[in-house]
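Chain naming follows the written order as A, B, C and D, and within any one chain the residues start at number 1.
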Amino acid sequence: MSWELFWLLVEASGLTILYSAVSIVVGFFVSAAVCAGVLSSNRPISAAARLFVSFFRGTPLLIQLLLIYYLLPQIGLNVPSAVAAVLGLSLCTAAYQAEILRGGFQSVPRGLIEAADMCGLSAFATFRRIRLPIAVRLTLPALTSEAIMILKSSSLISVVGVVELTTMAKDLASSTYQPLPIFAAAGFVYLVINLVVAGFGQLAERAARRGHA
Amino acid sequence: MNRRALINWSLALATGVVLGTALPSAASADVLETVKKAGVLKVGTETEFAPFDFIDKGKHVGLNVDLFEEIGKEMGVKIEWVTLPWDGVLPGLETGKFDIVAGPATITKKRLERYKFSPPIAEATVAILKKKGDASIMKPEDIAGKPTGAGKATAQLAQLQEFVKKLPKQGEVKEYVGFNEAYADLAAGRIAGVANSLPNIAFVAQTSPVFEVVQPTFGVKTYFGFPENAAPEYASLNDAVAAAMAKIKADGRMGKIQKKWFGVEFDTPAEVKDPAI
Amino acid sequence: MSIVSAIRVSGVVKRFGSTAVLTGIDLDVPRGAVTCLLGPSGSGKSTLLRCIAFLEEATDGIIEIDGEPLGFGLDPDGVRMRLPDASLRKVRSKIGMVFQQFNLWPHMTALGNVAEALVTVRGLGRVEASEKAMAQLEKVGLAQRATHYPSELSGGQQQRVAIARALALEPKIMLFDEPTSSLDPELTGEVLNVMRSLAETGMTMLVVTHEIGFAASVASKIVFLDHGKLLVEGAPAEVFGKPRHPRIDQFLDTYLDRGAAGLL
Amino acid sequence: MNALSSIFGYLHGDDGWNILSGLANTIILWLVGSVLGAALGFFIAVARRYGPKPVDWLLKAHVEVIRGTPFLVQAYLLYFGGPYLCLALGDGSVCLTLEPFHAGLLGLTVYGSAYYSELFRAGFEAIPRGHIEAATTVGFTRWQTLRRIILPEMTMLVLPSMVNMTILLLKETAVLSIISVKELKFQVDIIGNRDYAFVESFTILALVYWALVEICGAVGRAAEARLSRYRFAHS
């Protein structure tokens, strides 16, 4: 396999990284809200949040992307490829992240929340300043896994017309009839990106461990 | 009870949402007019189907690119390519994300029920691709008793299955998610031959040093065409494309393009109304 | 008119499902003094304290802080009713609480733990909040440890930070729920010392503890609970002096060596 | 629109049977793959925690490589890579080549194990040291401590992420159609490709996967409810 082909893969990985990174960040904020909704004692809010998780976790991402890309324009919302890609990825990861966070929230020792109550923190302040940061710390390895998962799932955004790493690899494989070396090379590029992500995850874990009771 | 209600509700919603995509788009303005006004014809395709559409050194090239360039000239519009995986291409055509699909697809009875097809652009008749130097297969009948394969649910697979059934000894016919995977298994030695349309495998053999075409073709004669939207507002556009292609065929440009990408020219009828399969 | 008690508990009942933990408690906690809640395990003393902090909702009865009802009040017809959350927050802001398990937030430094509520609740700027928090840490002797995380502090130090955190909000009343029970004996002293000097400033304190020595020497009032009921209350000399209630004898036998009980 | 009726049209006859057999394969691959994957993942997590340093490094490298590359690539290399290597090294006469289904199951197990092991690792980290020390002091062996103390305690934290991961594994089974494992997506795609009925085939896929995910989620919730007695053991 030539350097020229490998370089094409590296170039395509730029979009993989860009779309994944934006979606992970957007998805995190959505997931925090969804998780708060799931744990809420308000029944309609909780039911809506559960339905969100059920739908975006339950159906294949490919189909979610198709719905966003093809269905929304029919109700008058013209979504460009880039927006559809980010929307699909971030809503899907939000559903998964929300479930991960839920496990974390339920493991936050009750005493810490009681202490916040006694200090007069409002429910929202307790959520934002105490429960969320601790839940994130407890679930860092799972959240890192999810980030890596999304990096890889982003291969599906080709269905809305964004040519990223996997699609480029498939294209090259089918035009050169050398699928094995090209897929191996694409796998290597993914590995490098994900090792960097896993490395950041580990740094975060180490920092979090310092502040552990 | 609460949970069950939730599930039912979700399913109903999903069905509604998914089926919604199948509804014809509300816009009923004549598509040809819209295309002319914008000066742009949007063409959807996948890029894993050499030599029709593929990526060479990072650029989208192939017979379709050349052919649509000419069609655009005839119609006085620019061509805008939208490349998607094949799964997403036809839903895109149905929901109006683009005006025509550059597939190409083998024209079959079942597919004609759902879509219109442009005039044929090449023959799709099937031949066998083997590993270079495999002396045990010199004609199609030599695959008797040997494992072979093709892309699943393709017209070519159906032809191969028909053909194998009539041989004295029947080998296994494997189905692959796409032809590229079938080629990979041929290279890996799991199967002895891949059945695909002659234009495709001729190009494969020309590009890759490890494969070779077994002549002649077998099975019934079939043709490749471009899928088109069957809704009435597309009728004038489909006619305009057909007229442009007729002109391109008549003055020899089509032959040149075929020669460039297939190495041979094909004689194709003006229209396939009643396909053999 | 008599002086309003810091805390007044009237007719408080607490049931968890079918088990009654408190079966009707009436109690007055005087201002500016230390009151100790004693009693064997399971007597309901921690539950009572948690009801007073409104971490548990009493099943029945009224709790007044500084003359104002907490969580539940009486409507004009004398029927018990839930009060709005705003009133709950306002009344509860008069109370500071220290827990057995410290409950420091693990992701914040000592200083961060103390300053947090000053910023998010009181709305102080970061700088001002830090200065105030630092002053509190100095009072409990931990100014040098301000940037340490809870996991880097000993149990005694963590509990002193927790006291500083409660004090930073300038409460009128401090509740202590077995503040030294999860500490090694040699770390107990440093926490008790901080509590002693806090008592000397005239802070109203209600302390659930098994430190009988501390109770006897610092408290002005001892309240003894048994089986969810208030058994004895009074000055240490009255409660511990002879003749003693037989349950208190039994209790002292359990918590002190037999010989030591005789010394009291 | 008659999409709904054409969907039902595909659910009986030969197409219906093919879809059903695909569904059966998907469920077998999913269940066996995730059970084996979770078991392997647990042993990886234990070995990394209690084993010697080199074992930890080796397994960490394994986990990062498996996690870091797409399942598509792994399945591809596992299925096509072996024969290629054999052909490169000799005439290909002596060569272990895996059937698609076996290659798929093996790939799924190994892929899942890497992710599961990371979840278990997080679970170990979250358990207060004191609880483990307490078990040691009452004379539990390491294995007993693991089984009786650590496992139940960390389940609460880990369970939702485990359910997540198991659902993700379900969706990864669809990737196996690339190495011609005849699972659900492979069979449903046949209809889509043959008749160009993609909207119908996508709807069928979405509904079936959603139903499976909901079942998995319900099992997870039931397990959580049973295990909730381990929560709030303090105070």
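Note that contacts are C-beta pairs under 8 Å (C-beta built on N, C-alpha and C of every residue); 3 or more make two chains touch, one makes a residue touch a chain.
What you see is a predicted model; the values in this text were computed from it and never measured.
Starting at chain B, how many touching-chain steps does it take at least to reach chain D?
Minimum step count, chain B to chain D: 1.
Which chain, with its centre taken as the mean C-alpha position, is closest to the global C-alpha centre?
A
Looking at contacts between chains, which pair has the highest count of C-beta pairs?
Greatest count of contact pairs is found between chains A-D.
Name the chain whose C-alpha centroid is farthest from the C-alpha centroid of chain B.
Result for max centroid distance from chain B is chain C.
In angstrom, rounded to a whole number, how far apart do the mean CA points of chain C and chain D lie?
That gives a centre separation of 50 Å.
Please work out the Cα centroid separation of chain B and chain C, and write it as a whole number of Å.
Distance between chain centres: 78 Å.
Indicate the whole-number Å distance between the mean C-alpha point of chain A and the mean C-alpha point of chain D.
Computed value for the inter-centroid distance: 18 Å.
So, what's the distance in Å between the C-alpha centres of chain B and chain A?
Taking the mean C-alpha position of each chain, the two centres sit 35 Å apart.
For chain A, what residues touch not just one other chain but two or more?
If we look for residues of chain A contacting two or more partner chains, we find 54-55, 58-59, 62-63, 66, 109, 111, 179-180, 209.
Hunt down the residues of chain D that sit against at least two other chains at once, touch-wise.
Residues 80, 84, 202, 206, 210, 214, 234-235 of chain D touch two or more partner chains.
Return the residues of chain B touching two or more other chains; collapse runs of consecutive numbers into ranges.
Residues 7, 10, 14, 18, 21, 23, 87, 91, 181, 184 of chain B touch two or more partner chains.
For a test of understanding, state which residues of chain B touch chain A in their complex under the given definition.
The touching residues are 6-7, 9-10, 13-14, 17-18, 20-21, 23, 25-26, 47-50, 54-58, 82-85, 87-88, 91-92, 95-97, 180-181, 183-184, 204, 207-208, 210-211.
In the complex formed with chain A, which residues of chain D make contact?
Residues of chain D touching chain A: 64-65, 67-74, 76-77, 80-81, 84, 115, 118-119, 121-122, 125-126, 156-161, 163-165, 167-168, 171, 174, 202, 205-206, 209-210, 213-214, 217, 231-232, 234-235.
Residues of chain B touching chain D in their complex?
Chain B residues touching chain D: 3, 7, 10-11, 14-15, 18-19, 21-24, 87, 90-91, 94, 105, 110-111, 113-115, 151-154, 174-178, 181, 184-185, 187-190, 227.
Sort out for me which residues of chain A touch chain D in the complex.
Residues in contact with chain D: 54-55, 57-63, 66, 96, 99-100, 102-104, 106-107, 109-111, 138-142, 144-146, 148-149, 152, 155, 166, 179-180, 183-184, 186-188, 190-195, 198, 205, 209.
Would you pull the chain D residues touching chain B in the complex into a rising list?
Counting only chain D, the residues touching chain B are 1, 3-4, 80, 83-84, 87, 92, 97, 177-180, 182, 186, 189-199, 202-203, 206-207, 210-211, 214, 218.
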